[in-house]
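By written order: A, B, C, D, E, F, G and H. Residues from 1 in each chain.
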Amino acid sequence: MYFDVIISGFGGQGVLFIGNLLAYAAIIEGHKVTYMPVYGVEMRGGTANCTVVISDDDIGSPIINSPNCSVVMNKPSLVKFGPLTRKDGLVIVNSSLIEAEDVKLNGPEVFLLPTIELAKEAGNDRLANMVVLGALAEKTGVVTLDSISQAMKETLPERSHKMIPVNIRALERGAEFVRNGK
Amino acid sequence: MSVPAEKLKAKLVFTEERCKGCGICVHACPRKLIAISDRLNNQGYPVAELTAPEKCNGCAICAEMCPDVVIEVWK
Amino acid sequence: MQQVFKRPESLKDVPFHFCAGCHHGVIHRLVGEALDEFKLREDTIGVASVGCSVFLYDYFDVDVLESPHGRASAVASGVKRARPDNFVFTYQGDGDLAAIGTAEIIHAANRGDQLTVIFVNNTVFGMTGGQMAPTTMAGQKTTTSPYGRDTSLAGHPIRMAELLAQLEGTAYSARVAVDTPKNLMQAKKAMKRAFEAQLQHEGLGFVEVLSSCPTNWKMTPEAANKRLAEEMIPFFPLGTYKDRLAEKTERQ
Amino acid sequence: MAKSKRKMLLVKGNEAVAMGAIEAGCRYYFGYPITPQNDIPEYMSAHMAEAGGSFLQAESEIASINMLLGAAATGARAMTSSSSPGISLMQEGLSYMAGSQIPGLVVNMSRSGPGLGGIHPSQGDYFQATKGGGHGDYRLIVLAPDSIQECYELTMLAFDLADKYRNPAMLLGDAILGNMKESLDPVPYKRKVPAKTWALTGAKGRPTQLLKSLYLSDGELTKHCWRLDKKYKSMDKEVRVQEVAVEDAKMVLVAFGSMARVLKTTVAMAREEGMKVGLIRPITLFPFPSEAINKASGPKKRFMVMELNTGQMVEDVKLAVKPNTDVHFFGVPPGYIPAPDELLKEIKKVYPGKQGQK
Amino acid sequence: MQQVFKRPESLKDVPFHFCAGCHHGVIHRLVGEALDEFKLREDTIGVASVGCSVFLYDYFDVDVLESPHGRASAVASGVKRARPDNFVFTYQGDGDLAAIGTAEIIHAANRGDQLTVIFVNNTVFGMTGGQMAPTTMAGQKTTTSPYGRDTSLAGHPIRMAELLAQLEGTAYSARVAVDTPKNLMQAKKAMKRAFEAQLQHEGLGFVEVLSSCPTNWKMTPEAANKRLAEEMIPFFPLGTYKDRLAEKTERQ
Amino acid sequence: MAKSKRKMLLVKGNEAVAMGAIEAGCRYYFGYPITPQNDIPEYMSAHMAEAGGSFLQAESEIASINMLLGAAATGARAMTSSSSPGISLMQEGLSYMAGSQIPGLVVNMSRSGPGLGGIHPSQGDYFQATKGGGHGDYRLIVLAPDSIQECYELTMLAFDLADKYRNPAMLLGDAILGNMKESLDPVPYKRKVPAKTWALTGAKGRPTQLLKSLYLSDGELTKHCWRLDKKYKSMDKEVRVQEVAVEDAKMVLVAFGSMARVLKTTVAMAREEGMKVGLIRPITLFPFPSEAINKASGPKKRFMVMELNTGQMVEDVKLAVKPNTDVHFFGVPPGYIPAPDELLKEIKKVYPGKQGQK
Amino acid sequence: MSVPAEKLKAKLVFTEERCKGCGICVHACPRKLIAISDRLNNQGYPVAELTAPEKCNGCAICAEMCPDVVIEVWK
Amino acid sequence: MYFDVIISGFGGQGVLFIGNLLAYAAIIEGHKVTYMPVYGVEMRGGTANCTVVISDDDIGSPIINSPNCSVVMNKPSLVKFGPLTRKDGLVIVNSSLIEAEDVKLNGPEVFLLPTIELAKEAGNDRLANMVVLGALAEKTGVVTLDSISQAMKETLPERSHKMIPVNIRALERGAEFVRNGK
């Protein structure tokens, strides 16, 4: 089993948070995992991204130049990471902020996800990132939603636990959209 | 997003791509004529706009206070 | 209609990379305006420090030299000795100038090196992610003072404008802020004075600008301005701590 | 690094270092912020007091290393951490610590140089770390982890070796190791800290003690330098090295830290393609595993040293191999991390018996 | 008969290597007397700096740590954090403390580190052969100011006791001299105050001692004492610039 | 170094350096006192103003190197000087100068380490000078005089090479060379200083200019590092080396600076005794005269590297020789200067064909 | 060079080997009772001595001022 | 031609001055020469010494562990440098400050020179160092008194030239003592 993904977007869209959750969920499922966030000065100016690698073998590089999967939460991320994605890979596009016609990639499968709308439906439009994580998990099968929920419980500080239910709803909404196309 | 110059006391030009929606101009304007719109620029920021151009007398305080030199003022 | 407010010519026509609401942008503009006012663009050598303002050269349309973190004043002293007819300024953060660069600024000032120093005090190390600075307020939480600055272990915030005013070679030292239109007007004046100190060969001109860092303060730009007014200014009083030009004029 | 029933953590290398240090009894931390290692001071500022120690943010790296010198001279376990430019500023202090035989840990999560460079991962500080960036004849004990688990465990080991030899030790990581997260099994520290009879604690009920590096009288310093030299040579027994598929290898890669990590994948890929490629990973950069390299070398072997720089450790490899061993170098200076398959391409260029070999 | 004057016990019974008439010897003795007075010999860790006083360990019968030139305050801060119950002092020259060690002393003082700092101001770099120091008097000839210190290029002498008194963490700061019996008695008192500052956990205790360097001033010891009185003291006024213990007592 | 009708002077090496610098057009000196090189700042403070330049005593070596960076960035010839601990403090600044491609001269009249060490002559800073004591992939141009005349002339050459390659250069002397007097023929400087179009002088009538070492965007720094690497490799043509009786030598000594000077007497003594001993003296330590050494080496040759340290340059010699050349080392760490006849004894121990050889 | 203790008000003991002949005690003595002699010690310094022991009242000012802790005083 | 000497004494006895003069005189005579003073911290505490090597060949080490000749101006210098002097060498002893019976060297020739007395005779008792230099030149023949006088003229600043005659007298007095034994 081997999987890698680059998750990218504006700072504040919570991409590092879901990358970390994904990695922790994979550990819970007994995989080896690396999580590599951008750091330092690159964070100024508002873009953020992280790379998660999940495998059953030892993981060499935690930095991936051509990912199997990309999640792009805004336009600059699409421009940067879309074309790097492997031809046989998957690009999950935040269609709430990116127009479908702007996505011109030849090769990887493109999956459009109206994250903000779905998050709103789940009860909080700021949880677009959890919608994406749910969709990613469902679409690739790399981890289960249960593991992600478990990861949330183990990594969030006690005082944030009351937010877990709505986060789970957003996760599930994302997964549902993958299953039902709506 | 310039406002037609005729019959206005002053003209404000916002270079929207440089606006970061910080809202400093909103608070700085003595007449409260500026607001953050719903419009996102390509950097992902919601941009500031002059809500009532006809009331602006071009005091340029917004421009002075804007950290990103977004606003130019004619009078 | 006439243009009553425009971008100074000494600033390149490019966007700043600073965070939304960060005062670095205004301070850059004020420096640019002063350069324009004294027609110094072609005579200037700017010395960039290491901090959020490291990209000085992307913004100022003047010759620029990058210096190691904290050493901008020493680098500028070297530049000025070799080019006494150029206008030389540094632009330094409070990590840069008040922590690692303490010895260099104190001795540049003590020697009376003909430099203009813009010092941005935002009570944190901005670029590296909001760690405690020597200027961090008592009790202020930062990434390296997670329980608040403990003055019994880390001391009290250091007041550079006052300290440097003590030194013979400092010709001008003032503290200003850019959080309100009124303070900003004062800041403009101080900036010019600090330029004049050098232009009239009086010694080192120093302006401490209280500045916000919404990102690392974890505040909206508005709340940051409020904090600046309510918490910083009372501890870091605005004002002119030394002005040899004025003293001279008075004497005359 | 056996599996355990402890809960696995998902932490950054920087955090693992800080956790390992506290677990090994480090109680004094002095440091000045610099990317990409800020999680270390941040962790320490949050946890050192509860461990009964003290965190002090110094005014500079020069102050940091000298505070470390002071605290460590009292016999306490103490450390500082920084990254490349900050480490350059510590060179005088490191030379003093070595000359005065004061142990202590310095972590370099190195970034890219020269100068301000950038914050990319880099291995450009190998020379500085291993040959002595400061003045005079001295060496640091240098450990280079390639995983988060090693960040934790080698930090502990670094304290032990520093104390054992009364010499400063350096943990040399890079921006990747510092910032990536991986699972960590936080094994408890079990070794004993040696008694430090030389420590300065006030001369209560004993003659006064002195720690210094000044030796002015005729011949005194000559003797001191030879004594240190002997000590450095005696460290050879501390060599740690990892060998991957070296036994039957026709071609042996040599790499440390992040680069070695990536190459482990490459070796697996090469083996799948039937190429007999192996990897020697020095874990101790000083003392250097010359013997292991010498053993694996010979006129029929092809060596390839791979580093995230323009060529530094390759010199030590050349000094270690048997005469007429063919030693190649592939360097990637900071700004780019090659993927395992790209490295495989480079390997193929010189793999013995293949087309295009040099 | 009773012995009314003897060598303090905290000083080893060995000759000093200082030049004839050099004040370092007296200052050493005063430190030794204060150590005796507070019975600190067995609790003390002394931090030697680099300068003519580098051989501190040859003279003081206490544990001693050598530090790199200028870094004695930082080294002492490290010692004190690890051994808060020991008495820790540094002994530094004006090259050491006021030139290369500026940042370290300013921040040790600003943090209020519990240290006692003896600062010997002899207006030159003694050990290295009489070069200009930051404390060198205007016009003074030294080996690196052969035409006299030119204040327009090298600035005016720096006054450390006053500067450090500005910082919150400084509990005690005074300037004394040992050129006359009267000044020497004052110096003894100041020395004790600077010890008490640390012993009572008030912060950093600092004593600047004006000192002669007959060798590098190229003067007889007598002429050197005269110069100290006539040239140095007027520019470097003796006195107490800060005394938090006294302030406290007053408030009570 | 032809004889001339100029009056011969009797000056110290330190003074010769200062005189050479001013003669070569150096007009800005920044420095902080340290034994054994104080004659340099002292000379400069007396003479720089009359030469139309400026002498500034900095508050520290860190300030010195950064003032040098500033002055040199304007295109002026400028320098600093110090000795070992002070040079350690300059490592960050040197890395910045190299990364920003700013020329300038740093003189290290090295003394003994590690730490405070002493003020004895020493060659313990060879690694620091040649491998880069600072962070990242960079090199200094390093020149090592062995006479007062060379102190003068190599100082001039150092400025030329620094300007030619836009890289900091180091003159590496020691306490002997700095303080001994010998006759000096003060030959006039005749070469031309290259135009410095990159210098910062204010953007009057031209686009603005920028000197920096920060390269953050993808791949930019990788390119920059390779560009620098290429430059360093291209310096090979500047190699300077002195060979004494090497042609027919059965045994070749390799030494630089003061040690080489002493060995010249030893070689003469050995030749008198009929032993075919020669000496290779690298004058440029970087670029290193690997070719000359390689040429003189071979399985039948015996090499002996002699240094005033515990073994540093010997590594570069081992890397340079042909396979199976026998390379011995004799080191004298600081505190003692061996006499020519003592060194001869050491040579005899390994002279080929003699009793007692190893 | 100690002076016999009987019938003196005070006794001064000079550790001559440590004296550097700097003359500070000479100037310090309020009664001018100390002088630098012709005697050189092994370090090559001419050493100080008390010229009129009977006049010394042991004020110890010389001892306080001596940089080399040469003088011990009994009273 | 090869000659080396270590000249040592208290600081203030002018040993560095005469070492320098000797070296300069040798240059005037066309020899190669090195002059090596002690330096730095060693000067504290009052002793000084210098080594002069004069040769017609290139000079290797300017530091000599066993000199041909030693000039010892005080007792500590005798103790330190006397025994280092070569068995076939010469030790010139300042008998004004060193008792003859303290000189116990086996090997080198010992020459006792009452420097201060001779200097007094020449007109200035502070010129003991010049007396020594004259004696050294005469005794070894390494340079002529004329060259030394010439060296003085070339190295002393103009304002000190009025002191040259008395210095020459002291030089000559030293030489005379060697010639006449009185």
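Here, a residue touches a chain if its C-beta (ideal position, glycine included) is under 8 Å from a C-beta of that chain, and two chains touch if they have at least 3 such contacts.
Quick caveat: nothing in here was measured; it's all calculated off a predicted structure.
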item: Between chain C and chain F, the fewest steps along chains that touch one another; value: 1
item: Neighbouring chains shared between chain D and chain F, ordered by label; value: C, E
item: For chain B paired with chain H, centre-to-centre distance based on mean C-alpha positions, whole Å; value: 88
item: Chain E-chain F separation of Cα centroids, rounded to whole Å; value: 38
item: Chain centre separation in whole Å, for chain H relative to chain C (CA means); value: 62
item: For chain F, residues that touch 2 or more chains besides their own; value: 35, 54, 56, 59-60, 62, 85, 92, 96, 100, 115-116, 119, 212-214, 216
item: Chain G, residues touching no fewer than two other chains; value: none
item: Shared-contact residues (touching 2 or more other chains) in chain E; value: 18-19, 54, 66, 68, 99-100, 102-103, 106-107, 127-129, 134, 153-154
item: Residues of chain F touching chain E in the complex; value: 32-35, 38, 41-42, 45-46, 54-57, 59-61, 85, 115-116
item: Contact footprint of chain A on chain B as seen in their complex; value: 40, 42-44
item: Chain D partner contacts - residues on chain C that touch it in the complex; value: 50, 54, 66, 68-70, 95, 99-100, 102, 125, 127-129, 131-132, 134, 143-147, 153-154
item: Residue numbers on chain G that touch chain E, as the complex places them; value: 5, 10-11, 17-18, 20-24, 27-28, 45, 58, 60-61, 63-69, 71-75
item: Touching residues (chain side chain F, partner chain D) in the complex; value: 62, 84-85, 87-89, 91-92, 95-100, 110, 112-120, 122, 124-125, 127-128, 131-138, 212-216, 218-226, 228-229, 309-312, 315, 318-319, 323-324, 332-336
